[in-house]
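Working notes, beginning with the structure itself.
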Amino acid sequence: MNVSLLAVLYLFIAVTALVAVLLEDLLSAFITLSFTGVLMATVFALLRAPDVALTQAIINSGLVTSLLLVAYSQTRKTPHPPEVCDECPSWLQVKVPAFVCSVLGLLLFRGLYSLAGERSLPEASAHYLARTLEETGALNVVGALLLDYRAFDTLGETTVIFAAVSGVSILLSGGRRVQSGHGLSYIVKRGMALLTPFILLYAASILFLGHLTPGGGFPGGSVFATVAILMCVVYGTGFEASRISSKSKEILEAGGAILFVLVGLLGIAWGAGFLSNLPAPFSAGTPGSLLSAGNMPLLNIAVGLKVGAGLSSIFYAMIKILELEDD
Amino acid sequence: MLTASGGSGVSAMWVLSSILIPMTAAFVLQVLDYSAPERMGRWIALSAAAACAASLGAAAVSWTGMETLRLGGWSPGLGIVLAADRMSAIFLVISAVGGAASARIALFPFSKEQRRFSGLFFILWASLNGILTTGDLFNLYVFFEILAVCAYVLAGAAMTREALEAGFKYLVLGTVGALFLLMGVGLLYMGTGTLNLALLSRAAGAMAPGALGAAAACIVTGLGLKIGMFPFHFWLPDAHSSASTGVSMILSGVVVKASFYALLRIVFLLFPSVPDRFSVPDALLVLGVLSLVTGHLSALGQFDVKRMLAWSTVAHMGYLLIGAGCASPLGIAGALLHALNHGTGKMGLFLGAGSYASLAGNRDWRTFGSLGSRFPLETAAYALLAGSVAGIPPLAGFWSKWMIICAAAEKGAWIAALAAGAGTVLSCLYYVPFFYSLYGHSEADTDTSGPGTPFPSGMLLTVLGASAVLFALLYLVPGLRDQFLSAGSLIKDPEIYRQSVRAPIAP
Amino acid sequence: MVLMGFAVSVFLFCLGLFTVLTRRSAFKTVIGLMLMESGVLLLFVSWAYIPGGGPPILPLQGTGVDPLPHALTLTAIVIGACDIALAFAFIMKLERFEKSVDVDRFRRLRG
Amino acid sequence: MILDVLRFTGGICIAAGVFFSFAAVVAILRFPDVFTRLHGSSKALSGGAILILLGALPYTGTVSGAMKLVLIAAFFLVSNPMASHAIARAARKRGKEENGQ
């Protein structure tokens, strides 16, 4: 582990974050922020967290940035306000918040400082590392944690996505989609056609091999959503929507969630408890093969369906032109 | 061998089903909407009934004793455990009653636009039950996020400018709160190496004091933002008053109570009061007094009836915090009982406020004139509810308030006891003019409804009004009061909860 | 080195909070939320690192890093993305009403 | 022996790649308008990135690792010109619109 490299990356993270806050121009701030996201993904990879690095790179610096840009371009006609309030006294606007934040920072750092020291694995984590293969049949410990040991959290997480998709489409209902049939130029379209199969293959590989290698339902599904967004950018807004309608996206999304619950209920049906994996007779399979680790591939598919359909629905709901009745 | 022991019995399945039934209902309704749109109303009614039954069932099984369920069969140190005891049962009752009552108002009569709305409502309900029954700190954070996402949207879904503004404020502050909570969860995990609440409770004492203090500050800030505690209260009146009636009912009646449950549970498991030192419950006591005073004083000047009620919710969260801050079985039992009384009472008040507002055509109570004499029965029920929430002696709310005041006096916190007593006077100062104008002494009469219009949801309001009288029995019947006191002492000294986890990692 | 990670994550968290408290543009508020989230994520992952540990993929050579914070971080990333998408939806809808993304103008509700 | 030579060559490739990337940064900072900046950045960046990837080849140690690097390089070759092309067209379109007003 290269400590000096890590130090440089940390420094850059702090600097880019500060710049993103201080920049007046919002567009530049967004780009700087997505750079912070990429740097963080690099740091995660260096800190031996490949799953987190993958998800951070795809979701936080990819998808969230594209949503940022959509929201910005939808509202760019309105003048953006000055950075801070002019009329208000500066002590209220800057000094008091700055004081509160520094006190909080000191308090937090003092607490963290007392925890830093000789670091050893907690008992439970040592158990996960030692016995994941035996207890779940998976090779990716983080995947096993997400889909077996703590699968209930993942059910909750998919529910958050479900709620967010419903929420965005409730809030942005009444908009209308502008059909632009043109998209970008021929070169880009051809290039995209060349690349799409590979991107889809990549998405499928991190989705289906989530129990063996870093990845799984969340990053895999997000790459599928990214393909939908790219299609929309390159071929025009009507292209992807004409192939997979928003209705079928909704059904796919709800279907993913229902599949997750059904797999969980199968465990009860076998008398082994909700979301049980190997105790309910799901086969552990040969370690390292595609169909191993019991119900984890199924759950990965369920999560992938949900995340892919959900995040692309959010994107498509946001690119609609909003209109008020009284406009 | 595997560390799986399977589900522990049928009774624990009730606890799981209280989460799963509403959650699955939301997913299935989305699909059903395409296959059988004309029957949606019936399906929603069926799901609401099932969810209510499951919540009540979970409350019934966890009232008698501690129910734990190992999800996926993993032992508590490894996986997630659901754990519900008597305190969960009390709040599960609030969730069942509140969920059913506000589903009745928010989802019916069913129209096409409401299909996503109904999905969010059921997810909200599922997450409430999840918060009340989970035994895992990170799982609690996940359920809080589900709850929050649904609540932001439901608060903003009225789609008026005010509702959107309130929703956005709620979202920003709620997310900040959630991140503080996550920070606190992280600190606790770092200090102890576990996320299970019972195991954390055993190990937290050995944490470095600086880290434990930072974690306590983060968690109290995060949950304080969610319940509208004093310095973080300003989003609450906006969000609770701009939403539609049914949503206001569940937000004010149940959602803040569930957050309060989490605060109570975490504080007494992890940061118990230390004699002769300023500890977390003492901080809650101080903040509770401040919330109470702020809430009541701000409610005084309000002419928008829903806003007045929302400010009163801030004040009543103050009562709950004072009860918890006393850190005695009596105080906690008072807080539990008051949560129940205020939950049903405030739901009835919001329901009636919505009905009056729809009859009068606006929400300014000065224009409600003559509605009181037109609907004597409903207004009488409304008066009972207001009296109960304000704390007028023979009604339910008075007794729970009395317990809190007694606990504060017992602890020697005279200022808190005095403030709680003065709260009743202050409440009367805003409820009395309200009823005065309701009985036809208003400045302007703008009754826009025709003479034959019935009172919207009058039946439900009457039932809730009756509960304001009946719940007084919970205090007056000694057997029932002792049950609440025992729940209080279970929370104060959570030895049973701690012992619920016997085998942390090994089978 | 773990202290370095702590320092940066606390810095990000507090900078984000400062941004939420002071900036007027609603987009800057969202940037603040994203920074706060990044701070917490970095805290979890930098805590999970153990010198000499390999990534938590079996079979391990030697010891591995703590996998549990990684799983928690993944969950937090996805939840954070949902919150932020919802924030954008609110901003876009409010902008139609208010013709502004100035949070100072989203303060009509008072008292 | 052969590996040492290869590694040495790889080192030179990486150094050249770093130089190209540095040149791209200078180009973005110093050049006056969108098109010249784009020219500088896209040319130098695809060159720089591919050189670095090729230079890393001898250090991977496994065939599958090397294959991945080659694939990434191929990806760069397809996607980078495509992106630059799209940016240039968008910039030209925006410029036309502004002139037309």
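Per-chain numbering from 1; labels A, B, C and D assigned in written order.
Operating definition for what follows: a contact is a pair of C-beta atoms (placed from the backbone, for glycine too) under 8 Å apart; a residue touches a chain by one contact, two chains touch by 3 or more.
None of these values were measured; they are calculated from a predicted model.
Across A-B and A-D, it is A-B that has more C-beta pairs touching.
Taking the mean of the C-alpha atoms as each chain's centre, subunit C and subunit D sit 31 Å apart. The distance from the centre of subunit B to the centre of subunit D, with each centre set as the mean of the Cα atoms, comes to 57 Å. Centre-to-centre separation of subunit A and subunit D, using mean CA positions: 27 Å.
Under the contact definition stated at the top, the residues of subunit B that touch 2 or more other chains are 138, 142, 145, 149, 152-153, 156, 159, 164, 183, 190. Chain contacts: subunit A has residues 108, 112-113, 122, 124-125, 128, 150, 153, 157, 160, 163-164, 167, 171 touching two or more partner chains.
The list of touching chain pairs reads A-B, A-C, A-D, B-C.
For subunit C in complex with subunit B, the residues that touch the partner chain are 13, 17, 20, 26, 29, 33, 36-37, 40, 43-44, 47, 68-69, 72, 75-76, 79, 82-83, 86-87, 90-91, 93-94, 97-98, 106-109, 111. Of all the residues in subunit C, the ones that touch subunit A in their complex are 1-8, 10-15, 17-19, 21-25, 27-28, 30-32, 34-35, 38, 41-43, 45-46, 48-51, 53-60, 63-68, 70-71, 73-75, 77-86, 88-93, 95-97, 99-102, 104.
Listed in rising order, the residues of subunit A touching subunit D in the complex are 184-185, 187-188, 191-192, 194-195, 198. Residues of subunit B touching subunit A in their complex: 2-4, 6-7, 13, 16, 20, 23-24, 26-28, 30-31, 34, 69-74, 77-80, 113, 116-117, 119-120, 123, 126-127, 130, 138-139, 142-143, 145-146, 149-150, 152-153, 156-157, 159, 164, 183, 187, 190-194, 208-215, 217-218, 504-505.
By the touch rule above, subunit B contacts subunit C in their complex via residues 138, 142, 145, 148-149, 152-153, 156, 159, 161-162, 164-169, 171-172, 175-176, 178-179, 182-183, 185-186, 189-190, 195, 237-238, 242, 298, 301-302.
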